[in-house]
Amino acid sequence: MGVVVTNIKRADRDAADALAKYGVATVHEAQGRVGLMHQRMRPIYHGPAISGTAVTCTLPPGDNWMIHVAVEQCQPGDILVAATISESHSGYFGELLGTALKARGVRGLILDAGCRDIDELEELGFPVWSRSISAHGTVKETIGDVNVPVSCGDALVNPGDVIVADTDGVVVVPRMKAAEVLAASQARIEKEEQSRARYQAGELGLDVNNMRGRLAEMGLVYMDQKDWEAQQ
Amino acid sequence: MGVVVTNIKRADRDAADALAKYGVATVHEAQGRVGLMHQRMRPIYHGPAISGTAVTCTLPPGDNWMIHVAVEQCQPGDILVAATISESHSGYFGELLGTALKARGVRGLILDAGCRDIDELEELGFPVWSRSISAHGTVKETIGDVNVPVSCGDALVNPGDVIVADTDGVVVVPRMKAAEVLAASQARIEKEEQSRARYQAGELGLDVNNMRGRLAEMGLVYMDQKDWEAQQ
Amino acid sequence: MGVVVTNIKRADRDAADALAKYGVATVHEAQGRVGLMHQRMRPIYHGPAISGTAVTCTLPPGDNWMIHVAVEQCQPGDILVAATISESHSGYFGELLGTALKARGVRGLILDAGCRDIDELEELGFPVWSRSISAHGTVKETIGDVNVPVSCGDALVNPGDVIVADTDGVVVVPRMKAAEVLAASQARIEKEEQSRARYQAGELGLDVNNMRGRLAEMGLVYMDQKDWEAQQ
Amino acid sequence: MGVVVTNIKRADRDAADALAKYGVATVHEAQGRVGLMHQRMRPIYHGPAISGTAVTCTLPPGDNWMIHVAVEQCQPGDILVAATISESHSGYFGELLGTALKARGVRGLILDAGCRDIDELEELGFPVWSRSISAHGTVKETIGDVNVPVSCGDALVNPGDVIVADTDGVVVVPRMKAAEVLAASQARIEKEEQSRARYQAGELGLDVNNMRGRLAEMGLVYMDQKDWEAQQ
Amino acid sequence: MGVVVTNIKRADRDAADALAKYGVATVHEAQGRVGLMHQRMRPIYHGPAISGTAVTCTLPPGDNWMIHVAVEQCQPGDILVAATISESHSGYFGELLGTALKARGVRGLILDAGCRDIDELEELGFPVWSRSISAHGTVKETIGDVNVPVSCGDALVNPGDVIVADTDGVVVVPRMKAAEVLAASQARIEKEEQSRARYQAGELGLDVNNMRGRLAEMGLVYMDQKDWEAQQ
Amino acid sequence: MGVVVTNIKRADRDAADALAKYGVATVHEAQGRVGLMHQRMRPIYHGPAISGTAVTCTLPPGDNWMIHVAVEQCQPGDILVAATISESHSGYFGELLGTALKARGVRGLILDAGCRDIDELEELGFPVWSRSISAHGTVKETIGDVNVPVSCGDALVNPGDVIVADTDGVVVVPRMKAAEVLAASQARIEKEEQSRARYQAGELGLDVNNMRGRLAEMGLVYMDQKDWEAQQ
């Protein structure tokens, strides 16, 4: 009733590593606005920005046994993605498991449930993006799966996909698209740099993006407040 | 189908500027406990406290086009108030638009939707109060209105009203009442200073506010725990 | 219609004081995973970790009068636990009441409602765990009870119980169990220290906890990704 | 500190009455997809569909006094719109007030808070759209306003506007636009009737709406499942 | 680690039985507006209205074992009150357990978690008030308590208390107050009957409750809409 | 940027059709408690219970264009599964699209967003399970995918999987497991029938399931209420 898939294919290492610096918002745009997890997935402490390859697992309600199983499947550069199969806010993860994952070179955890030991995990430097913060412990009675496709944070994650996570949230890049998305991210950054300079100089988005004509076509009208009030 | 109201009347500049230092809680009390936005409106980073005059706009679901239109209507000292017309958590606003607004002297954004580029906006020093944090981008396909009355954060905002925002939330002061509310805020602060000194000295609110008589009238009784337990 | 129970029995002072350093997650585990408040109870600012004895009160909707009454019943080392009797997000508590409680040696407030004056309370150094943050003031028209058993944050609190609160949340330790839970917390910390050392050395939880046999019994199988994909 | 605005202008009676039969979804489309209240506003019992002219009032937290004041301002054909100024779930309204409103010919209540006496109100035949259902009573201690513009259900309502409410929710039609929206609703219904006949006959929306060309332009491709799987 | 308290004292049977017909809203008012559960507790199907004496139990996350233990402690006329100790939405209860409880003469279940087999329970005629509806099954691995005081639906319930539940929600009447609350409920109904007659005759609450003087004292003013608009 | 996968493999038709009568709770148990969608997915009207094969599509925020594209890929016996890629509550689906799907023999819609025309869809007899009810219309500007794996209602759905939906919620059965789950569902029903007879006869779950020994081993103790109270 439970399977651990081994020897998974992982995304290109260089691309997986390089995506962190572009950040979630840029990567999400660069791959066509897909793959973003739900906004409920928030960092448990301020600051971290990571990317890496996904090892996945599923968690029965109130049961964190499969995290222990998943640790063994992790390699340096991985990010563990732990999905629940029923909404739960117990604290499935704390500082001891953080120590174990960090010792294997894992960069962080994406957990669609509760997390505890927040201060200790910050001190340890092991970042977690979770649905909630709760000290409520879990049992080890029921098994699940490791390295199968999962739905985590309302997003589909396949083992070996790239995960990018920062203050803006968490985004999933399909394994085979990492290099392509990396290139698109770089292109987007360069284009934004040009826009930024124009905005800093006081230009309007209406002009930078040449929007006035289309707005008029769609029927946008400008009206002095006195005239507007008179017609209400 | 869309209107941009121009040349709006704004609240008195000095009063609008001065209200920031009193803070949301005091201003809200001073104007009779009305005009507070819903508690879902939270600052995206810790620290800012601002006040200014409102420029308003409405946003169709998943569409941030009208923010570009609204930028042009902003003046130094304004705060942009962006209302959605259907609950949405996409990221309607990021660092590029923050750069554009800051270049015009706008002090911040009140956004009843999602915001992204949190770290970049903090670095830029452009504060936002929003409903959620999300990297999900928006399109530019549908128009709305600028500088009409809006419902934002469950509060009614007219263009030109004063907005005060800090860690406690966001409050709206009607345009014509800014000076009156400023005076009432100052009076309240002075009165609280007196109470604070008495509390620091160990006096009880029961005595500072002369509450004991009315409590007794309402039937409040004191009972030793032993007696209370005996009657359960 | 309202009662203030006086001369309440409090938990052992030394045990109540000592529990803070073990933290919510450890104490909660040590007492058998009961007594944790709901995860909606969050600290209003980052950092504090406290423990102390509970003084309780109930609050009618939008009415904070009983907090004033409860202040008088507090002693140094207490923590005030304020329960609402209907979901409410108004701001029942601010800096003036914080000043009054601090002057009496109270260590913090657990408030199943809204709190305001967040920045001022942080500056004052008076920590609050609350359901929400809201500047909306409350009235003083209706009475409730002080030092009766209450349901706060979905947990049952009796006056005199120990409250432990930190970044992970809030846990309640029954008055008569404080010493027992303290000893169990210490034992747990020592056991975790041993596990931590093994995890830091790279050992797996599967081995540290001797889990492999039972997992196999429950039917967990390992399968190469190629084989797994072939059978889908 | 409170005002009751009297002798309000109301929308055209015939238009206000006629809009009920078109329903919320059609009216909302017909006026350009604005004015819809938040989806939290739900009917307390199944079935009713009404339209009428708005009398508005504001409610302090946990206080329903202003509903009594508002009753007197109501005329036959009105719908009372009661907005709260801070999120609250107490039961501000029950069967006695329903009896009073029904006796004045009021058609229903839109209440951004809790409602009680659900079964009694259904038996009475007085429909309510509310945020929640709660038996928790309210006090009569603080005043608010009647017939001022309000933010209710995240929508802006001016006194005299038309309210349309049914199983799909609640929509607000500005007072001066009632006749125009009525005509647009009728036009929309007629157009939909034509589409419906084609759909019933098995035609596809792709063809009825002539969408295939634009989809291809945007890059939509069709691919046999075998080919798609091979490229993953 | 778990206790089943036996031979509990129960509220007066006649009073416990009689309260159903007064309903939740009236009973809640009659006992001074305390004891109401949170509005998240909703009936799983339309119609039932019950009262009875509480048997309580606590449920670990995702574990319904203690419901089986609690069944044995139930007598005819009881209502089972099942509290979770951490927010959970699994389906702890279904038709088989409903059959078991009904066979013992239990009148219903109050469950601060998820319920399943909704249609089957309606057909069986066994009413449940729950936090959510979910088919997700639970395990039987961890024990809790039966017939201890619990926090359920944000309310404190002692074993033997009276539970009243209907479409408006769920209210708890302390064991020793059942007869007193019954009398007060009857008195309230009689008083409401008089008010109802006056409302039906078209009288206003302002007059029935003699409110006009106090409203004027508090500063409520009446103003023609033209005058009000002129001063904005 | 968008792909429509054609000629998808579907689950065995007989098994897909037969699962409806077992219902969501039984099917979910029979396949090992996996595949259940989140409890937010609720039927828009009371009563329907269906099963069928999944056609999937993804929906950009506030944009329902891909539903029109997906209709063409549907066959009799299918159920359309529409996933959003960012939380949205607009009304993506109404009676016209329901007419189109029904004309193709589609049995229902699973929609992780808002639905409108509730009464019309009930009259038409086209069932929908949705996240919310909202009249807010959507645009047709952005494309997505059809018949790719999706995350809908927090569950992973592959095209061709079996969907079972009723009052208890929605469960997904992997395409290749339909026959196996069907057999397990039948076995479970037969086993439950035996338990039901024993429960109806008044036997306790403690005995039917032989639980007493294990409960005692885990430390469950029975104690008279007088003794329990004495030790508090």
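In order of appearance the chains are A, B, C, D, E and F, and numbering begins at 1 in each one.
Please note the rule applied: a contact is a pair of C-beta atoms (placed from the backbone, for glycine too) under 8 Å apart; a residue touches a chain by one contact, two chains touch by 3 or more.
As the structure is a computational prediction, the values presented were derived from the model and not from experiment.
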| remark: Every chain in contact with both chain B and chain E is listed here as A, C, D, F
| message | Out of B-D, C-E or A-E, find the interface that copies B-F, where copy means more than half of the contact pairs are identical. | response | A-E
| Over half shared or under half: which fits the residue numbers at the contact of copies chain B and chain D, same or different? | same
| field | Whole-Å gap separating chain D and chain E, where each centre is the average of the chain's CA atoms | value | 29
| said: Just the number, please: Cα centre separation of chain C and chain D in whole Å. | reply: 41
| message | Quick check: what residues of chain F touch more than one other chain, meaning two or more? | response | 1, 33, 36, 39, 60, 85-87, 89, 134, 136, 142
| query | Of all residues in chain A, which touch chain F in the complex? | reply | 1, 32-36, 38-39, 58, 60, 85-87, 112, 149-151, 154-156
| Contact set on chain C toward chain A in their complex | 23-25, 28-29, 33, 36, 39, 42, 49, 166-169, 171, 192, 195-196, 199-206, 209, 211, 215, 218-226, 228
| note | Per the touch rule above, chain B residues touching chain A in the complex are 1-9, 65, 67-69, 71-72, 89, 91, 94-97, 99-100, 103-104, 114, 116-119, 132-137, 140, 142-143, 147-148, 159
| message | Going by the contact rule set out above, which residues of chain C touch chain D in the complex? | response | 60-63, 85-90, 134, 136, 138-139, 141-142
